[in-house]
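Sharing a structure, written as structure tokens. Questions coming.
Letters A, B, C and D mark the chains in the order given here, with residues in each chain numbered from 1 onward.
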Amino acid sequence: MERFFNGLRGDRPARSAMSLCRALMGERGEASGAALARDALAAFGALGAAERAQFFDVLALEFSPSAEDVDRAAAAYRLERSTANLQRLQRAAEPARQELFRRINMAPGGTAALIEMRRELLAGLGEHPSWQAIDADLLHLLRSWFNRGFLRLERIDWRTPAIVLEKLIRYESVHAIRGWSDLHRRLEADRRCYAFFHPQLPEEPLIFIEVALTHGVSARVQPLLDAASTVEDPGHSNCAVFYSINNCQDGLRGISFGDLLIKQVAENLRRELPRVRKFVTLSPIPGFRQWLAAERVHLARGPRGEERMALLDALERPGWQDSAAATPLHGLLLPLCAHYLLRAKKGTEPLDAVSRFHLGNGASLERINWLGDTSEHGMAISAGMMVNYVYRLSHVERNHERFVKEHHVEASREVEGLARESPFAAGETEAARA
Amino acid sequence: MERFFNGLRGDRPARSAMSLCRALMGERGEASGAALARDALAAFGALGAAERAQFFDVLALEFSPSAEDVDRAAAAYRLERSTANLQRLQRAAEPARQELFRRINMAPGGTAALIEMRRELLAGLGEHPSWQAIDADLLHLLRSWFNRGFLRLERIDWRTPAIVLEKLIRYESVHAIRGWSDLHRRLEADRRCYAFFHPQLPEEPLIFIEVALTHGVSARVQPLLDAASTVEDPGHSNCAVFYSINNCQDGLRGISFGDLLIKQVAENLRRELPRVRKFVTLSPIPGFRQWLAAERVHLARGPRGEERMALLDALERPGWQDSAAATPLHGLLLPLCAHYLLRAKKGTEPLDAVSRFHLGNGASLERINWLGDTSEHGMAISAGMMVNYVYRLSHVERNHERFVKEHHVEASREVEGLARESPFAAGETEAARA
Amino acid sequence: MERFFNGLRGDRPARSAMSLCRALMGERGEASGAALARDALAAFGALGAAERAQFFDVLALEFSPSAEDVDRAAAAYRLERSTANLQRLQRAAEPARQELFRRINMAPGGTAALIEMRRELLAGLGEHPSWQAIDADLLHLLRSWFNRGFLRLERIDWRTPAIVLEKLIRYESVHAIRGWSDLHRRLEADRRCYAFFHPQLPEEPLIFIEVALTHGVSARVQPLLDAASTVEDPGHSNCAVFYSINNCQDGLRGISFGDLLIKQVAENLRRELPRVRKFVTLSPIPGFRQWLAAERVHLARGPRGEERMALLDALERPGWQDSAAATPLHGLLLPLCAHYLLRAKKGTEPLDAVSRFHLGNGASLERINWLGDTSEHGMAISAGMMVNYVYRLSHVERNHERFVKEHHVEASREVEGLARESPFAAGETEAARA
Amino acid sequence: MERFFNGLRGDRPARSAMSLCRALMGERGEASGAALARDALAAFGALGAAERAQFFDVLALEFSPSAEDVDRAAAAYRLERSTANLQRLQRAAEPARQELFRRINMAPGGTAALIEMRRELLAGLGEHPSWQAIDADLLHLLRSWFNRGFLRLERIDWRTPAIVLEKLIRYESVHAIRGWSDLHRRLEADRRCYAFFHPQLPEEPLIFIEVALTHGVSARVQPLLDAASTVEDPGHSNCAVFYSINNCQDGLRGISFGDLLIKQVAENLRRELPRVRKFVTLSPIPGFRQWLAAERVHLARGPRGEERMALLDALERPGWQDSAAATPLHGLLLPLCAHYLLRAKKGTEPLDAVSRFHLGNGASLERINWLGDTSEHGMAISAGMMVNYVYRLSHVERNHERFVKEHHVEASREVEGLARESPFAAGETEAARA
């Protein structure tokens, strides 16, 4: 420990925060109720960025398990496979940090502070690999505390407090909310917004999803986002289009809420609106053009390689969708996109992150929509294409199982057919990286 | 596993509950949202007592760690002390049961069901030592989930829903509540009742404490419990007497809430009623007469041994407190009780369980009250004596520390003086077991 | 006024309360916010019974309209029928008391205090006829303030605060609630209890109704009241039996809530439990035996007069229902009761108060139940008979209209038939007082 | 009535709404629960503007009292001054419309609909003088229903639902709220906003007030309105500045809430922030320049008349406050404004509406602030001047009384002194219209 004290010498605030942490782990901590936890948290909160880094450096080491204790407990367990010995090993291998965090959590605002602490840790992990040990402990605790059983699904609407609504504006990153009137339109009768909350953070959505109630499956996102559009009667809709889902808490990264949110929202909507029979996303294809660029060299080969290169060049010209190139590009890009979604892989999983998420949840790939998102961003990432993934509640378990075990991508015949028309499939050129 | 299936053969319900648990841990469990958790819980809930025992038997074995995996991970960690290796060992040593319980917790009512499951486990532990492994996992999770930071301190009064109030009647075991009018009196303006609740169990108090706001430190409990007594103005009181504290959930045994409850209630009362300056208990002495019986042989010796024996015999006669024996018994028992509380030990800690609790919390032993509890129970356990323990918020940390490190019992001069007058101290007889 | 001052001389508290009322009506009252109203209310609250009577005596006179002002305004209106003149007359005829009460209502607890004031007024009206003027003003205001639009229908169950539940116990006067377990049974899954509340009196039910969800129309009340009876699944019930309805606030006498309560509860139940198709009461017949005694002289005449007298004498012997007289009494009393309900009148309305209420609401008389209420009270008022009134929501408007305009009593054929068998109908004896 | 039926002939919707109203007043209305009220309200809601006018025309006549009944009741009362006769007269003089509105109020949303109905009535009163009769009845009922005792004072902050907050933006007319960030700044820690709500209209503020917590009395409003200003610690403030108060419901015009709101907010703030000792407004002077224009002819006379005219001409040039005219204008306008506020009258009351309101509430005129509001509007109405009125809670009753009885304007010595320096006071010119 000495060298850390040396390290902290001259750095009073970090030392003092650390000694409060030590006191919190000792007799005083046990008898103080939540008072010492509050003090330790306040001391940590008062640290500047550099001091926090020092604090984390000490934390990564000081509250770690003793290697000798672990070895001893492992040896005892090897000799006698008793429950008691196993538990002793578990205890020996568990860093004291976990208990420290549990005690800090007793302070008012403790949970929020730990989430914020982890956010900072994650941001500094690249530079400070030793913090990985701290992160592992925080993740372990937060995953346990943010168990689905403790979350509350709440509908967000115009009756929701402004302090929550402003967070939707801040956290929406799929289709940015352009101010309060835009937000208001997204909370009208033909829209739904739901979020998960934790009882400890009643004003902080953990994740939220935006849904449009429509007649038929939406192929284009701009009409859904149009703040000036007419509000429709939700009683007439037969389809729920999930058009945006956003995680809000960086400090909870790695704890997955999206899958459960989608499924519970679908269940709730089915109960509330029995005429809504179809639950479908309108999703971006974030990796398509990046993949396309990487495949360019392959696409250049073969019989119609030059023609393809000319078309791909046309794609670089803003407004191409209104030019003569639009039709041939449609003929080229749709099959390529189907190929990308069905066959391009990262290991055994789909290369596209959004596709990976929905297919992993048990959804199936229903349709590729040409010019589904004509925003600058949409054109840049996927040449304007979007995807509908369908959640058939009776199929998700089976789809998920085949996805995990057989790496199977469940898709409609239409999409399958498109993929077969792609240059790669047709053998016109070398196979894309599978 | 085969022998368990054999064991379960012919016993469909337990097998089916178990196979739902297995499914819950597999791919289907991941994709099902909370549906499978709900099914597994329902299947478990439908089991009869014998089937549950079989279910627990399987659970104790099947979801345990693989000894080989643990050994392998321990060996890897011995070779390289990396964070990654430590985490691998932690994971290997963690029973899959914990994940199973985390998934069950996702079902509606999951937390309550797990607490009930542990209650049953604890009840059967004597007969089924193998269930200890299950209990350890449940305790680990519940302790994490019922962290003080997640609990809510709520005041209980006559505005509280009846569904909560009836639980006070059921769970009060220190001074039984004799029906709703008795309860009503305990919730009047000069009384306070507080409980900890968990957000998942909004109608289930975890622990509750009953407080009387008095003028001066109460020496006798019967006046406090008198349902017909006049309600006093709490604005005139200068003392808060904690006269009953009760844990409500057997399934949370081993997770301590009492210390935190007392301290937070004291803080809240100090804020609400600034004239209340003294926070004191009026507590039973559950082990006194049992200890006295065990010490009888020692007390019989020495100069006045026969006289003492005659007095102790008088104690067996109901109504002795109104007899001629009362005065000499007062002279004998008070010093003996002081001796018991200050010197009788179990290991290094006080022999008396209530004393152990309050002194361990950092309270100090203030006064012994002759005929403090003249109920049948009070006479039976402690010859009617009760104790006031004082919580001086500025002293509790130091008291706790000395209690833990030096086994020091903090007591008033009066009690110390009494102890010095006891037959043991006076050297009249052999020393009591220290 | 002088004589009242004389009357009040030496009686400081009533004078001081009155002068606060005067101040409240003057400039100070306008500028004081609610402070003066609070003071006036407190001064009134501190008055003893005799002082209150004096206060009311002054109030009945002092804040009344000036007869000259009224005459002048009436004359002006006779000369010119303008809206302005009509309003002047309305203002002249409105006692200043109404404004006084409106200002008192601004104080915290003002509404509750006015209701309590009226309760006392009504209790003293017999002795103090002049208070009638005060009562008229209070009734006018309270009727306006307790308009149905401001009331909230709330379900009462075991989650309701005890402070409300204890009021059900206190106010239930149809079938007394014998303590908290009896109450608990009445709030189980196969029972419903609803009450109207006013926002100003959140802990004071104005009226409440108790409903049993049954299979088939209940003919006997004792099984419904049995606290030890098994709780049935409400999903299997097809009938809602209203077995008790109670007004709670004497100070709101004359403002009718019962009709609206029954109809709204019926609507809510129909929505919640679509299998419940029948809404029916199980009601007492409070006036039957009193009427029977009055008709005795008529019944004694005619061919079988002596036989009837013997039977009616048998009715005086406790336990007659288990004696040999039971069968002939059944044959005699059922037709007489039908006659009583269909033909015995007070003016143009049914003589029986409960019958008047339900028929006036548009219900119809469905069935008379022999030994429907075998409690001491039930035997005493109606020889144990009870009635089912049916609320057919589609018929209530028409029934009510015929009841009001044609004095028509809507009854089932069965009841009509029974009435035709009665001694009066059969011409065996003189017609009962119609 | 006939001519109205003629009037309505061919105009089905208005006739149908009216016949539902008639049914509501008859037997069906009594038996229908709230159903008929709901229908009548819906029918009225479906009327177009012209149809509503016809509906109101009928309503103004048809549900009015019978002149003969009134005369008869008045005559009876003249003969015998009994309570019963007085009540008969009150009933005869009360239009059936009041009962109609009471029944409509029973429908869900009834209260809101009646307020909206009155808003429309008031807007059409100029063109339709006969509607005055309807308005009088609505006002009578609404004043009774919106008694202060039924209102809830609620603090509005960033936790308030957006549906309420957007109404602040809409209804603020003193200092317009320029969007959500402007609103957010007005709800920060050093600001307060309070509103009165009625239980029937939980999302509709009736009136709201905006307060700045400051150090010292604010003389200028622009710094208070600056959305970019630093948020101060409210614990350091010693002054509460009421800088905006707004009525929200046109349909409640004539029912005064402002006086009570100011006084209760002052009381609440004093409790919450004991260091805040001064409660003061920063108010516009809406009538000053209009009065000044009317007085121009007088000011032109006398020794320095020409000089004054030149200065008043300078006032017409935008930016004069930064020109050389600013200093002499300061010397001229401040005394004139003091004169205007102290001496210019409408009858016996101050000519300035805002002054009339605050002085009538019992506030006193503390200070005139040069360039207190440099917005375009502020310059246009009062040459940029603003006033601080002080609410000294211990003085308001006395001030109000002197204001009402003696027409006394309570002002600081400073303002009194200024008024004495005005051209009128100095005798330099003819006296301004008093």
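Keep in mind that, in the parts below, a contact is a pair of C-beta atoms (placed from the backbone, for glycine too) under 8 Å apart; a residue touches a chain by one contact, two chains touch by 3 or more.
As the structure is a computational prediction, the values presented were derived from the model and not from experiment.
Trainee: Can you give me the shortest step count from subunit A to subunit C, moving only between touching chains?
Mentor: 2
Trainee: Taking each chain's centre as the mean of its CA atoms, which one is farthest from the centre of subunit D?
Mentor: B
Trainee: What is the distance, in whole Å, between the centres of subunit B and subunit C, each centre taken as the mean of its C-alpha atoms?
Mentor: 52
Trainee: So, what's the distance in Å between the C-alpha centres of subunit D and subunit B?
Mentor: The computed centroid separation for subunit B versus subunit D comes out at 62 Å.
Trainee: With chain centres taken as the means of their Cα atoms, state the distance from subunit A to subunit B in Å.
Mentor: Computed value for the inter-centroid distance: 42 Å.
Trainee: By residue number and range, which residues of subunit B touch two or more other chains?
Mentor: none
Trainee: Among all the chains shown, which pairs meet the touch rule set out at the top?
Mentor: Every pair of chains in contact is listed here: A-B, A-D, B-C, C-D.
Trainee: With touch defined as at the start, can you tell me which subunit C residues reach subunit B in the complex?
Mentor: It comes out as residues 158-163, 165-166, 179-180, 184, 203.
Trainee: Okay, in this complex, where on subunit A does subunit B touch?
Mentor: Contact set of subunit A toward subunit B: 27-28, 30-34, 64-65, 67, 70-71, 74, 77-78, 81, 83-84, 86-87, 89-90, 93-94, 102, 105-107, 110-111, 130, 132-133, 136, 141, 144-145, 147-150, 199-200, 259-260, 263-264, 267, 361-362, 396-397, 399-401, 404-405.
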